[in-house]
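Pasting the structures in now, so scroll down.
Look for chain A in each of the two complexes below; its partner is chain B in the first and chain C in the second.
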Partner chain A sequence: MDDGSIKILQCYSDPDPEENFYTVAWSYDTETGRPILAAAGSRGVIRIFSLATMQCVKHFIGHGNAINELKFHPRDPNLLLSVSKDHALRMWNIRTDILVATFGGVEAHRDEVLSTDIDVEGTCIVSCGMDHSLKIWKLTTDIMLSTINQSYTFNPSRAVRPFPTVQQNFPDFSTRDIHRNYVDCVRWLGRFILSKSCENTIVCWKPGLLNQTELKHNDTNVTIIHKFDYKECEIWFMRFSLDYWQKVLAVGNQQGRTYVWDLDISDPAQARCSTLTHPKCVAPIRQTAFSRKGNILITVCDDATIWRWDRVAQQ
Partner chain B sequence: MPQKKKDCLGVDKPVSEVQADHELFLQAFEKPTQIYRYLRSRNVLSPIFLQRTLYYMRGRMSRSHKNRMSFKLDCLLDKVTQKSERQNERPASYLNIAFTGFHDDKLEGVCGDVARVETFIVKMCHKKRKESSAPLMQVSVGTQDVNINPSEGEGGGGCGRNACLSIPTHNFTSSNGHQVKSYVLVFRVSLVHDQENAGEPVVKRRRVGRSASQDSQDSNIPLISTNAINGDSHGGVGSTYAGELVMFDRHGRCLLTPGQYELMLELQAGETTQLCKSSPKKNASWESIDTLKFDGIFNNIPVLKFTLNWNSENSTSVIERPRLRPLKPLDVVLANSASTKPKPQGVASPEAPQLVLYQFVYNNNSRQQTEARRDFHCPWCSLNCMALYSLLKHLKLCHARFTFTYVPHPKGARIDVALNECYDGSYAGNPQDLVAMPAGFAFSRSGPTRRTPTTSVLVCRPKRPKPSLSEFLEQDDDFDLPRSYILGHNRLYHHTMTCLPIQPHELDEDSEGEHDSEWVRQKTQMMIDEFSDVNEGEKELMKMWNLHVMKYNFVGDSQIPLACSMFLESHGTELLRKSLYRNFVLHMVSLHDFGLIGTGVVYKCILHLQNKMQDPSVQKQLAASWEEQRRSSKKLFSSYNGSSSSFVSPVKQESTCSSATSNGLTEESKSSPTKSNVVNKKCCVQ
Partner chain C sequence: MMMGVRGKVSTEWKKRVKSEYTRLRSLKRFKRADEIKAAWNDNRTKLAELLEQEDQTVIGMGPVWVCSVEAPPHQAVMRRTHVTSSCSEPLSIPIKTINAVNPIPTMYTWAPLQQNFMVEDETVLHNIPYMGDEVLDQDGKFIEELIRNYDGKVHGDRETGFIDDEIFVELVDTLVQQYQKKDIGKDKLDKKASVRKETKTKDEEDEDEEEEEEEEEEEEQDDDEENNTCNKEDDGWEGSNTSGTKDFPCAAIFQAVSALFPDKGSAEELKEKYIELTDPTALPPECTPNIDGPNAESVPQEQTMHSFHTLFCRRCFKYDCFLHPTKGSTDAPGLATSHPRPHGGKRKSPELRAVSEPCSPFCYLHLPDAKEKMVATASSCSSDKLRDDNESSNDAKPRKIRKHASVDSGNEASSEDSNDSMRMSGRKIDKTSTSCVEFECKTSVLSVNGNGSLGSMHNKRVVCTDSDVVRTNNKYVYTKPLTLESLTVKLSDATEPYNLVTWLGSEASMFRVLHKVFLNNYCAISQAILTKTCQQVYYFAQKEATDLPADASVKDNTPPRKKKKKHRLWSMHCRKIQLKKDSSSNHVYNYSPCDHPNQPCDQNCACVMTQNFCEKFCNCSPDCQNRFPGCRCKASCNTKQCPCFLAVRECDPDLCVTCGAHEFSINKITCKNVSVQRGLHKHLLMAPSDVAGWGIYLKDSAQKNEFISEYCGEIISQDEADRRGKVYDKYMCSFLFNLNNDFVVDATRKGNKIRFANHSINPNCYAKVMMVNGDHRIGIFAKRHIQSGEELFFDYRYGPTEQLKFVGIEREMEFL
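The block that comes next holds the complex of A and B.
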């Protein structure tokens, strides 16, 4: 709200009392333009809510275990990526209710997949998980593009065979050299990757050598660009976030303190860090989120509190 | 729950325990009983099936098929014409409406003038499936002239003359050409003091969207109060007012009781030919209770007053103003009102009513005995089963949460009721219903839904044993469990890799075979590429051979000769193009060494390959690659001097050494036509 307060607009409750929602993602219905919200959690069911009608309009089953993160494709609001405790990622076309691809198998993650992000152009997915690895999956291969196209025109009632879901077993890049523990959050920063574990640092790195532009499957090189350090965040499942324009980075620690970096500078070593604290904010901050303009930051804590921080222009 | 509890327990147990037991007993029986009670009321409102069609409920079926013996198609027309003649002959009844006047306070100075009232019957029919909205039909039944604003005294003494309208009741039958949902009387009043503009009623309008049956739910009073209070009702020349009177309510009961009516009219937007009025919601307004005075309502609104009654005589067009008389009893005659009356509960029961005793058994102790019933009504759903066999069958099938055992009794029957321990309450229908999207679609009651068929039984007429009560006697083994007639799939299966439910049309094909998966092929190739101690040519042959074997799934030793020949068929030319002749020969030798193929097979295969070499295009390619090898090996040879016997040496033309297969076995003197320049460590042969 403009006056600085927070107002609850809608509230949804799952009919199963055992459900715990872990993640949400926003998109919109390409036919009507109305906003929709996707939510998923411990039951492994993705629910799609239409906010205009305040109903759950769709649900997707198929994941074998809890879903840890949901992300929509930046260029195609119908493509939803979900990562799960069942070691796999899935891409759904929510307009036609079709499973487009699964990213799992012999060379995919070997433990829970905790986080994922799609880059701004929609060409690559990066995923990370409990097996300490980060993997990059290309979406621009012929098979992926043709399957995505086919998912829009496939008619299940006329088809003889089920939809030919892509079963991508082989990532286009994989590394375990960045972190020494579970990697619980990853985001693209242009062509670089920001990822964190429970070692009190967010690492900015890129696959391959510094000047290398293409991804190689067996490449063992990674180049670390910068490390953002903070304190007292040694528990798992703490997420950081970037604002829409990727100029600000925020992460919370287990004592209720939020660290904010300004990324809009050319030399990463000069990235200034501010800390946001409040005497009442002492519980672990699980997630942070920026408003579209980047001037409001919301953090959520384990004690069910929500904190709003406004960016104030310097005098 | 049946009355009169009588405990049959022994008295040696302590009272509290007895009571606790009793509590448990009651609780145990309570849940299924509540479920069946709920189902009873739901089946009354929207039944799933009709009891009279069940084979064990013949008593309830009052129709018989004896007419079928004498039926002839040609007689159909006669039957219908006779029926309609009979209808016409019957003295028709009439709905008589005597108009007393049209009152509008706003019309001043027009007292004594006359307005024309035209009455319409609007038929609202049932919507057929393809139509977008319920069809309406409007029929005019008469036009009368009424006085405008007649004073009270006028005609009070009985000498006033009033316009009267008589409508025969066969206009209001429920199937008058179409299946009619409801009838509405519409009165249109137009002012006629300007003779030129003799207020013709405006173009017939279809009142789309005004479901009058909805109105009747709100008000059972004859006054239709949804007509809005229209602000600018400046009546004048050529203006028309209209009002509606709903005749039947939702259940088909006639709302028009005889009496005096005042119908509020609404000004129609005169000359415009709009087809539908503005939604009633737009014009409706809320009145708070304290401002609502019944007298006051009618002060500002044009009102049509008339008297209505149902009569067996046709009234003349102008009659005496009715005096106050005691109301006639309502004798509404509706031609097809039989549809609204509940059908009689079957014909006389085939059996004389007997004594039926219900005994409830819990934990093998009988707990409660009911009073006897002298009829065959089911205690849970009040269904009259007509006969003992039907009752027992109904109990056993429809109330499967209990088990019923029949014990013949001197005076009738005793039925022991116990909880069914083996009751399976899982969903017995189409498993696709539970996972389909949108959720709950199959269970919605908004009309028929397209179902996904998973079974293919169309008609089933099993041989039924003669109905006898013996099947309900106590049995040790239940061999007459209802055998399912549905064979095949009624489970929900899921795909292996995607865990998505298998749709019925996908059932025929098993796509989960895990045979020759793409990922296995890719992985094999990647793994072979990772070998560090094998040269490129070997790797290539390994990949080709492995893919071939995985594709055809050779599993037995005896299949290897076949595998070799098929391999050459499909990959022979490719082998030669990639200069893998020697590698292949080596492979053949290895297979021979392991005893998988005999020498004859080795001979045949290599002969086959050499025949392929005769193809001129292949020869050209081979020659080119050997030239290149020779060049490169010369360079190599100059640096490595005679260490191992297995070195590449200047090559002779392959055509000269195409003779014996045994040549292939001694490799030292021959060049190795592989691509690589690296020493071939793996070429040694025992």
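The block that comes next holds the complex of A and C.
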């Protein structure tokens, strides 16, 4: 609302009282342009909602446990990436209902996968989890590209064999040097990566050496660009967020404080941090989200409150 | 005096490393601030451009905001949600209940396997598992206990700081430069002291740090005199006396770095990494030298075969097999799983028989001294044999097993059987010799490549220095027409060819390898080398024999099996098997090939001690009393009549030839006791279980005792299983299966579909551990006739080793 308030539009609930939705992701129907909302949680079932008809139009089962985060591919609104407690990531084509790939197994995550992100161009996935590790999976390999294409043309009624889902056991890069605890949030920032653990810091880093552009398998090097420090955020499953233009970064802490950094600066060391506080906002802030322009920040707390912060004109 | 150094790393060194590290880091930070800034801005600009571009791109239709806010007609009966807001009216809208969907049972990702996979112990807890808040609240002690299992080591439990390759190399380099000259003596002391100092726990150490310093100073004075006597090798810098070369950092540096950055690996690993990073051309310390091409080195046989001997698995016939890794998963003797070395020079193959007839007109056998020896050996054949018997305490019957290359190699020529074999290969060589003659007339036209450049391996041209003979593709080519007489004259001068022929490094290395295989069959060796005649080989062999100290001939100390008492032997064996089954001992140990040269398999043999049979992979004689003889069944080997079946072993294709276990084609095998090794499993279907979680179903029916599937997984040590089991028990889901006293199969991370079989007290399947060609493997068999589509169960309480009377730690498998 223009007046700074919040209005509730729709409300859905699952018949199973055990269901607990952890994550949502927005996309749109490529034919009609109508909005699509994907949601998933503790039961490991991905729900696809059509807001125009107020229906759960599709669901996907396959993950062997809870789903911790959902992300849509930035260049293909039909590709949905889900990360799960079952130690794996899965990529779905929600248009044709096909499981395109699973990323899990031998050298994949050894414990729950907590967060993931796909870069702006849709070339690389980064994932992180309870095993303290961050892993990068390329989407530009021949097998991935051809399988994604095939997922649009595959006809299950005519095919003799099931769809040849890619079983990716080996990431293209993996590190456990950035964090020393559960890594619960990760985002691409161009060719850099922002990630956090419960160590009161968001680390901006890149795989390999500073000037290295190609990912090397078995590379042990990582370059830390900057650390954004804050306070009192030692519990896990606390997500930070960036706006579309990736100029503002926000994270909440367990005391209800929100830390906001302006990334549109020429020296990361000069990054200024603003703290947003409100006397009534005292519960842990699990997630934050910016509007597309980056002028509105929404934060949600454990006490079921939603907070809206509007950016006032720069002084 | 209190000693205060952990492990072998002195505090002094640690302090140096730490201060140097901090100095480098701050230096680096300062130096790199600009670089970082540049990279940041570059990234920022590119990202902004990209986002701008993406913002313009419309995929498909492009998004349109359509959101139904109209309440459905039955809204009066719908549950409503109420929202209160601080800045507007309270809101209330109906809740849309979505369709119910049944989730699938819980399953964690696992990698499919077709064969067991051995993994090493993990001594540092990978990460603290999250069991849900309830478990944590109820049982806070669990995590503590878990960490204690890993001696308090968890990934990232210590502030280690960040170190990358660049800083690592700089750190080591500066440490070398700074401390090299000024305190070599001190370093000696540190090292010396550290040996005597005892390990301390971490907690203690921090407190004692100050004390230590004083103590060390004291000690310095105390031991000053002793230091002077210090060995040169103990010097901090290895190779510091070699002029011109860069000093190599001492072990203490790596130890200290490793202690400060435990994530980065052991001191040894860091050392290797340093070498790799500083000298990209350096070869690993142990490797096969260059044995091919014009620059090949002339090296002993052991070096040529190094990779083969250390990396090739002689049990799986492949390099880097997953089941018998070179590095054993544990240091305990008897658990070593490394590849056994090749047998001590004994061979069975019939094609290795030597020749008595010359392979060609210029065969080494024409040489006078060689001839003499041939005659001598032929006449003294019987005495030879006798001596042979004494040497090896062998059977009276001539045996096909060949002796190892004997002391004075070429001279101590062929015994009776080698003569036979010579004849065989001699025939083969004859063919080539005819082609040689053919070439004789043509070759006058052929010119020879003056410098004898080397082509590919298969088309080598080598010009002998006396330029009489050139060999191309295994054919002799004479550069100038030669009469046979002149050749003989030339060759009769025994030393000349040998003196004049140059042996390339690759040829010499190859000769040494082939000599082990073909022994004194120089014709065969020359055929394999391609570029040398058998006479040249012969002379080279003579030279080698005099140059090198002869190998001690391998003696075969195994008491021979009395063949005439074959029958008794059989019954004895059967009794032995029975005895093994009934013996009070109920422990089954992992088999590891025994290797005790010159010792028979007695009470000191690893196999005998662990009550295992010797297998074909053992380094003992094939006649060893402890070897299992295999079966002589002509039927299907699925009753206790078959000694293999009785001994819970699968038939060995090398031992049991009458049952067809050795047949390549599965259709030809009558033996039913080869299912695990041949992977003759049933088609299994996975679906949610009728009982709990996931279940496994049989597609086609199975007969009683029919093989269903092998239970595959990671092979882990019992210690590792205890550590992993603690976590699995908490999750109430375990895929651990005892394999034997030493190892456990864990199908949690890697496994096959049978891992989903559920537990039942009235099961339709049973598990048993079988010895399959030297490896214990778990087979799942039908307990009764099973119809197609039935879900499979087995009783976890009766461990698979029950058949072998093993009573161990039982682990329950439960599925949530």
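Going forward, the second predicted complex is superposed on the first by the 314 of 315 C-alpha atoms of A that agree within 3 Å, B and C clash if a C-alpha of one lies under 4 Å from a C-alpha of the other, contacts with A are read in each partner's own complex, and residues count from 1 in each chain.
In the analysis below, contacts are C-beta pairs under 8 Å (C-beta built on N, C-alpha and C of every residue); 3 or more make two chains touch, one makes a residue touch a chain.
Note that the coordinates shown come from a computational prediction; the quantities given were computed from them, not determined experimentally.
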Inset, instruction - Please work out whether A:Y12 is in contact with chain B alone, chain C alone, both, or neither, and reply first, second, both or neither. - result: second
Inset, instruction - Determine, under the contact definition given at the top, whether A:P162 touches first (chain B), second (chain C), both, or neither. - result: first
Inset, instruction - Tell me which partner A:M130 touches in the superposition: chain B (first), chain C (second), both or neither. - result: second
Inset, instruction - Would you sort A:E112 into first (chain B), second (chain C), both or neither based on which partner it touches? - result: second
Legend entry - First, second, both or neither for A:H87, with chain B first and chain C second: second
Inset, instruction - Spot which of chain B and chain C makes contact with more residues of chain A, would you? - result: C
Legend entry - chain B versus chain C as contact partner of A:N20, first or second or both or neither: neither
Inset, instruction - May I ask you to decide whether A:T141 touches chain B, chain C, both, or neither, giving the answer as first, second, both or neither? - result: neither
Legend entry - Which superposed partner A:T275 touches (first chain B, second chain C, both, neither): neither
Inset, instruction - Take the contacts of chain A with chain B and those with chain C, and give the residues found in both. - result: 56, 59, 61-62, 64, 102, 105-106, 169
Legend entry - Sites on chain C touched by chain A in the complex: 32-33, 35-37, 39-41, 43-44, 46-48, 50-51, 54-55, 57, 59-69, 72, 79, 81, 83, 85-88, 91, 93-101, 103-111, 126-127, 129-130, 155-157, 162, 164-166, 263, 749-750
Legend entry - Residues of chain A touching chain C in the complex: 1, 3-16, 28-35, 43-45, 47, 49, 51-56, 59, 61-62, 64-65, 74-77, 86-88, 102, 104-106, 108, 110-112, 120-121, 130-132, 169, 176-177, 179-182, 189-192, 206, 209-211, 220-226, 244-246, 263-264, 266-269, 280
Inset, instruction - Name, in rising order, each residue of chain A that touches chain B in their complex. - result: 56-59, 61-64, 97, 99, 102, 105-107, 156-157, 159-162, 165, 167, 169-170
Legend entry - Contact set on chain B toward chain A in their complex: 435, 437-439, 495, 497-500, 502-503, 505-506, 509, 511, 517-519, 522-523, 526
